[in-house]
Amino acid sequence: MSQQTIPMPENLRDYPAIIQINVQWGEMDAYQHVNNTVFFRYFESARIVYLEKIQFVDLNQNGGLGPILGHTQCKFIRPLTYPDTILVGARTSELRDDRFVMDLKIYSTQQQAVAAVGTADMVIFDYRQNRKAALPDSLRARISEVEGRSF
Amino acid sequence: MSQQTIPMPENLRDYPAIIQINVQWGEMDAYQHVNNTVFFRYFESARIVYLEKIQFVDLNQNGGLGPILGHTQCKFIRPLTYPDTILVGARTSELRDDRFVMDLKIYSTQQQAVAAVGTADMVIFDYRQNRKAALPDSLRARISEVEGRSF
Amino acid sequence: MSQQTIPMPENLRDYPAIIQINVQWGEMDAYQHVNNTVFFRYFESARIVYLEKIQFVDLNQNGGLGPILGHTQCKFIRPLTYPDTILVGARTSELRDDRFVMDLKIYSTQQQAVAAVGTADMVIFDYRQNRKAALPDSLRARISEVEGRSF
Amino acid sequence: MSQQTIPMPENLRDYPAIIQINVQWGEMDAYQHVNNTVFFRYFESARIVYLEKIQFVDLNQNGGLGPILGHTQCKFIRPLTYPDTILVGARTSELRDDRFVMDLKIYSTQQQAVAAVGTADMVIFDYRQNRKAALPDSLRARISEVEGRSF
């Protein structure tokens, strides 16, 4: 079982985490387009890969700190339909005192165009003290390393 | 905010657990019917209420034992569409050595007819020893009590 | 089958469309909270009821015009868990040349607090000419009537 | 963007339609396993590819005939978790007067084992006359050709 190699589009050049997903027929709704909630599922899947890259998944490795989704948005540019293979990119755009903000982008290989862009606020949560926490310096360093730039 | 009282249909008379769900528009697929996977979500939601009734949700209360879905099936009788309010019933049909078997039924109040029937095998799992276990007598007793009959 | 009457919270007083949804167990993800994509499903379900109220569902009634979701966002305030009954409100906050903007709000009756707020841009699309269109005066009038105020 | 080539497991040798899916994190439920409804989504996606192979998707090509899911079942053998890449196979096991019956199988490449098997009854429906229809000879022939055997 092999899948074809898809050339990386220019649109996703600066995204450290990129995943490839085959659109499933059942993700379309009664308007025969991929339902809007599924775009957020695609975004989430790219975020998870990004979190793995910056090693911010395991609470124990991070002193009980983990990310909570505080806000997310999506701008729908082109409808998606089955069949299609999409690429979803995730990157950090901004570091704040209590969170990092991510850019998300969905690229349709069938349409050879960007189908949607979005953002997600990843709030730092202290699961031991059950409250928001400051963005730790160690995480800042790992994000800078993964992104290849300082913030 | 009040919802209308729906008379209990004869079809669900012998079901100890019945839930009421408003079909959501986004549960329909490109064929403009509620997608088949959603029927299994409805079944699951009724099973959860049934498990609460027989107090088989909390592992600690049951010596580390809990249910695992071993098999499930659905016969699709009528397509569901938005808008509709459905009733979903769950009952136990059979006790076996290592599981109990449930009947599931979806009733469409808009169509005033049964839309689907199904079954689910709830296998007893010992989470401490990580293997299947025998159906405990205490659970047999609670199921008999909830069902109002012996097996 | 009856459901309890839920008093309308002050938080949703100005929302012309309000729906009641029972959170389903299977809507929770591995973090044991209702998954973020499900919040957008709840929003969508409230929007559909609103669109029915302003009679903007049937393309034939509207000269081939219908709504397209151009942008949506959600601010997550409190996590939702099963069991809970939520109320979801939808209203129009702003009319623009080519769209109307909606406010969305999710209220948890278990927590007696707002769990999330959001917005959605409903872009007017001309399905016959396959392009964006201007917000028709007839729709402005119906929105004003449903909202009980002029924009 | 390339994905690794996955060797075809012996388990799926006789399946004419096989799809490859990356399990998404958000498909896990509160028990931290891929939710049972998602297995049916995977099955559906493999069926769609199979229907394309036997050219039974376009109603116009088939005299107004199309498939309706009459029954489906799944036996859960091993839980699936993120991350994993699965292969899902679909084949026809039996032709009946008014339907064809399919076998479905999910193979976990991470576990190198079959995670689930299932079946689906694809009932022939005449969308012009709005009733069940007989399995057409042309479809029998195309199924036999795709399967490489007579039934």
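First chain written, first letter: the chains are A, B, C and D, and each begins at residue 1.
Operating definition for what follows: a residue touches a chain if its C-beta (ideal position, glycine included) is under 8 Å from a C-beta of that chain, and two chains touch if they have at least 3 such contacts.
In this text the structure is predicted, and so the values were computed from the model without any measurement.
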Between 0 and 180 degrees, and as a multiple of 5, what angle does the rotation take that fits chain B onto chain C by Cα atoms? 180
B-D or A-B, whichever has more C-beta pairs in contact: B-D
So the chain most remote from chain D by C-alpha centre is C
For chain B and chain C, what's the span in angstrom between their mean Cα positions? 30
Suppose each chain is reduced to the average of its Cα coordinates; what separation in Å results between chain A and chain B? 35
Cα-centroid distance, chain B relative to chain D, in whole angstrom: 25
Each of the following residues of chain C touches two or more other chains, namely 25-26, 35, 37, 41, 44, 82
Of all residues in chain C, those that touch chain B in their complex: 1-3, 5-8, 18-22, 24-26, 41, 44-45, 48, 82, 87
State the interface residues of chain C toward chain A in the complex, per the touch definition above. 35-38, 40-41, 44, 68-76
Along chain C, where are the residues that touch chain D in the complex? 25-26, 28-30, 32, 35, 37, 82
